[in-house]
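Same chain, two partners: chain A is paired with chain B first, then with chain C.
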Partner chain A sequence: MPETQPIIAVEGVKRHYKIGWKKHVRAVDGVSLEVHPGETLALVGESGCGKSTLARLIMRLEPATAGRILLEGQDITALRGAALQSSRRQMQMVFQDPYASVNPRLTAEDIVREPLDNFRIGSPEARRTMVRALLGRVGLSAQHATRYPHELSGGQRQRLGIARALALNPKLIVADEPVSALDLSIQAQVINLLRDLQAELGLSMLFVSHDIGVVAHVSHRVAVMYLGRIVETGTTADVVSRALHPYTRALIDAVPVEHPSQRRVRRPLEGDLPSPLNPPSGCRFNTRCPHAEARCRIEEPVLRGVGGEGHQVACHLLAEDGSLPAQKTAA
Partner chain B sequence: MSALLHVENLSVTFGSADRRTHAVSDVSFTLEAGRTLCLVGESGSGKSVTSMAVMGLLPARGATVEARRLAFAGEDLRTATPARLAQLRGKEISMIFQDPMSSLNPALTIGYQIAEAVRLHEPVSRAEARRRALDMLDRMRIPDARRRLDQYPHQMSGGMRQRVMIAMALACNPKLLIADEPTTALDVTVQAQILSLMDELKRDMGMAILLITHDLGVVAEMADEVAVMYAGRIVERGPVTAVFDRPSHGYTHGLLGAKPRRSSSERLLELPGGVPRLDRHVETCAFAPRCRFAETACSQEPVAPIAFDAGHMGLCRRHAAVRAAVAMQVDHHA
Partner chain C sequence: MTTPLALSAEEPQAPALPRFAWAHSPLLLAGVVILGIFVMIALLAPFLVADPTAINTSKRLKPPSEMFWFGTDHLGRDIFARTMVGTRNSLLVGFGVAISVTLLGVTIGLYAGFSKWGERIFMRLMDGLMAIPGVLLAIALVALLRGGLLVVIIAITIPEVPRMVRLVRSVVLTVKEQPFVDAAISVGSSTPKILWLHVLPNTIGPLSVQATYVAVSAIIAEAVLSFLGVGTPPEIPSWGNMMAEGRAYFQLAPWIIGFPGLMLSIIALTVNLMGDALRERLDPRLARRSGLK
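And now, the complex of A and B:
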């Protein structure tokens, strides 16, 4: 890992929702991670694993139950009022549904100008120039500027959402499934746009996604979440092509093949995700893990380094060479 | 061998003469027992409308369905009475949709709903129908099936509900299953469970599957044959390996290149622009404005079906150029 100060550092963050007398949903339950300058970290996991909640915690859209969130070394966990406002300027979000996340009664240029107006950046004339430049940067032309969101296609609306997020020149972009709602041909356009922006602006980004293929194309590092915890983290190449945690292996194995010649008999993961209301004791994956032993049901594993380049895995059974004990044969 | 489902020159339009949407134009395909045909395309390509037309589910007011042939097991579906269609649907032809929650009745137990499907089509007692429902849930590998029978849809996860939908669709041993994006709303690990289950049932029961999807991965996983749809037309159709190895239409080539693969981090192929409006009937190639291979003739002269090789055909006058580009990419990667 580079020794630079991370843009964002999350330390032991938890988010528990109280849903009744002594009942809590543990959506995020002790997560630590860092995003370094110019880096894209992908948060990967299935529905309900807590990846979106974590993104919202970092944005301070949700209060953390425990833990700290540091923006360039400054603790923003407890900020309020004006201080919180100014920290918001440093972090901007891109949402999944580009229609639900823009005001339908504003034109494209008004939508992008709104953050500039809110923070009173430059003269009105300067703002107008900035807005045109931003729209151009994401591939929208002058004729799109005066249109309303419903007059734009899904891909164009998502470009608009990206332009708005870039308007304040933030230190961190948090993108929550930004291409999941788009058709394949449009998705490729937006993924390429994000890659261009990374290269040109040195963007730092937290990229939340359920799609391993998309993640392989946009992120430098990956953190895999399961039931509110990170089970594996490392470089994208390490995690995607040399996955070590049994859950990551199952997740990647479940991705449909790329070519019909790769079809194979597989053993899909049995059962459903356990409830985060009452997660399994010990390793949270033990109820579905084909390797689980007695220890896995009692002791909770912590992330430990396996292999190089910060590849970390939370699994008791993983040997130093990355091998796992034989699978149980019981069906 | 005569096909189970035979669709020839199917066209569907919506609206009246002055504002007409050409949702499906000149679609032809056949599907044999025990085979899976994937209709793949992006939103608005007409893949769902095609399946709705086959099922006779489009509203008589508003939708105009025309076909030279629309036959199921030799029976003409165009002239079938509504009563006959109701008999076929759910018995011989079943359908599952993307969102199981909106296809299940929230006020009835799932056991009742599966048994209802059986009792509607077969003269069996309530007890027998319930036994069949239990048997189906077992086959769907739903744990603790006896208890699940008396549960309501909201008590189940998304994957479990989709299994209940499949159980209901298959309860009468249909010859054809139409599955419209059956795993799109599900997580990948659950998708893998459902897809392998569908494949297994296809083998056991010898039924045919018409699988509608936008996901090329699902196609690679499931299809025997694939038909690629764009702007209401099948632009390329053939055995799945042929289409993946030798895509011969500019759009298929573009789609395959736009798909993010975990095995690569190279820049994705971009298809510029978006899908065209369908308010006019066009005889020329609708994809030409976005196609990197297009020449002037593509947007001026009508396209006619061209046979590429055995069972592999499509609508692309530039198919030789597309194939040459594919061959170059293969060399480049080798």
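And now, the complex of A and C:
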């Protein structure tokens, strides 16, 4: 990526939830990332790794416990009132569940119109035309404008959510698992829509997903999250075809392939995600890592460059040539 | 007095109440018709029936007859006329209390659901109110403020408010966690706008059901207060004070207490059934179980 100012820069952000006397859930525990103009950054990880929380932190739907979030160089972590409202105009979110993310008692037109009304964009009559144009842009027709959400399909509702997010002409779209609640056939349509819009409007996008297969299709760069931390980041090509971190490799191995003859040797991850209430010491992945050594249980690895275009991995064991020590057989 | 009910927040995919919801539910339709008749009686009775306060000592304690359909009381007053005119009083109290409890409950409940301090102060206040038996509090209030219809409405409203506040607050707490509220925050909607446009409309379901129960319990509470002699002033006929006066003659002239009691039962049953029918319509999970669409 060229040296431009990032649209959004996250610096060492943490989000801890207090759940009792001196007990904290560390949902996001020190994450840094940047999204550059016109770029799609995918945030990948399994359920509970903190990726949705990070998306909500960036959207200022939740306060960060520590760290800074910079929107075009301006620190928005502590903004309040009018300043916060005007920064909201720059970034919009597409939500995971298209059934719950639109108010069931408003029509499609009301839903898309709400952001325009809030910022008094154009005259009230002009807003009507703008709403129709936005609906058209996401592949809904004018006849959908008067419909209520329960009269629309899941895919149509998600298009509605996208139209609402586009209404303010934002610089950044945060898409939090935008297709995981949709049928497989609809997923492709919505992903293509997002990709087309991104290219057409020059948007920046943070695309949160648990499916690294989907991510390969939409993103320029990928950041892999595990238990509140980023373990690997780099261009999509690097991360998908030359995955270095044992966790990323496991994620990629889990993607189904097209033909049985191409079936990979499967090395499924064992065990569950450890509790973020009490994360493992040292490398957080050591409890499930097939390569883990004594050092991994003591010392926490930091992200370090491993060649490629900004390809970074947080792993102690990785050799210069990108190889890992032999896998231990299960005892 | 009130049927206890465990309401959940309406699921977001619940169908919006169609314009003629009652057309699909015979129970609701019947309730609307019967309630309509009561409203007509309340509005028209004073112009159609005999003077409910006319005393005729020569015709005391007469059983129901062609002349006096519901009989007469110990002063020879026409029970039919008194019962019909008394409908107005009961309905006024019922609707008046339901409306004021809903308004107060929604205002306080919304505030308590959205503000930490609102919650701390108002919910403890409501807990305190709930600890006092409703009728006792109402008697104390009437004694303090002296009689009159308005005072009766106020006296019944105050003990009913906490339950409504709790309901509204619990629904608000569920609705405000819905992603569409996050979406509204993201697109820059102000908190008052979010409350008015996104939260309030989605509490209407459970709220309207609770309001019907409040109406029933208010009508009964008015009768109880009048029966105890602290409710509606004796010069205005109400079902409660009629029953209180008829109590002494119960063995001699059961119709004095019987007909207002019957009316009270019918209206309580009607509004309760309407509440149940509304609940079934508005709660998608119940609707599915009972086979309603």
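Operating definition for what follows: the second predicted complex is superposed on the first by the 327 of 331 C-alpha atoms of A that agree within 3 Å, B and C clash if a C-alpha of one lies under 4 Å from a C-alpha of the other, contacts with A are read in each partner's own complex, and residues count from 1 in each chain.
Convention: a contact is a pair of C-beta atoms (placed from the backbone, for glycine too) under 8 Å apart; a residue touches a chain by one contact, two chains touch by 3 or more.
Nothing here was measured: the structure is a model prediction, and the numbers come from that model.
Student: In the superposed model on chain A, is it clash or fit for chain B and chain C?
Tutor: In the superposition, chain B and chain C stay clear of each other.
Student: Counting touched residues of chain A, say whether chain B or chain C comes out ahead.
Tutor: B
Student: Touch test for A:Arg229: chain B only (first), chain C only (second), both, or neither?
Tutor: neither
Student: Does the superposition put A:His316 against chain B (first), chain C (second), both, or neither?
Tutor: Neither: A:His316 stays clear of chain B and chain C.
Student: Look at A:Arg159 in the shared chain and tell me whether it touches chain B only, chain C only, both, or neither; answer first, second, both or neither.
Tutor: Touch status of A:Arg159: no partner.
Student: For A:Leu168, is the partner it touches chain B (first), chain C (second), both, or none of the two (neither)?
Tutor: second
Student: Under the stated touch criterion, which partner chain does A:Pro256 make contact with: chain B (first), chain C (second), both, or neither?
Tutor: first
Student: Is A:Lys51 in contact with chain B, with chain C, with both, or with neither (first, second, both, neither)?
Tutor: A:Lys51 contacts neither chain B nor chain C.
Student: Once the two structures sit on chain A together, report how near the CA atoms of chain B get to those of chain C, whole Å.
Tutor: When the complexes share the chain A frame, the smallest chain B-chain C C-alpha distance is 11 Å.
Student: Inside the complex, what are the residues of chain A that reach chain C?
Tutor: Checking each residue of chain A against chain C gives 56, 59, 61, 85, 88-89, 92-93, 95-97, 99-106, 114-115, 118-119, 148-150, 161, 164, 167-168.
Student: Enumerate the contact residues on chain B facing chain A in the complex.
Tutor: Residues 42-43, 143, 157-160, 187-193, 195-196, 214-218, 220-221, 223, 240-241, 244, 254-255, 257-265, 267-272, 274-275, 290.
Student: Quick one: which bits of chain C touch chain A in the complex? Just the residue numbers, please.
Tutor: Of all residues in chain C, those touching chain A are 12-16, 178-180, 182-190, 193, 197-198, 201-202.
Student: Please output the residues of chain A touching chain B within their complex, sorted ascending.
Tutor: The touching residues are 46-47, 153, 155, 183-189, 191-192, 195, 210-217, 236, 240-241, 250-263, 266, 268-269, 271-273.
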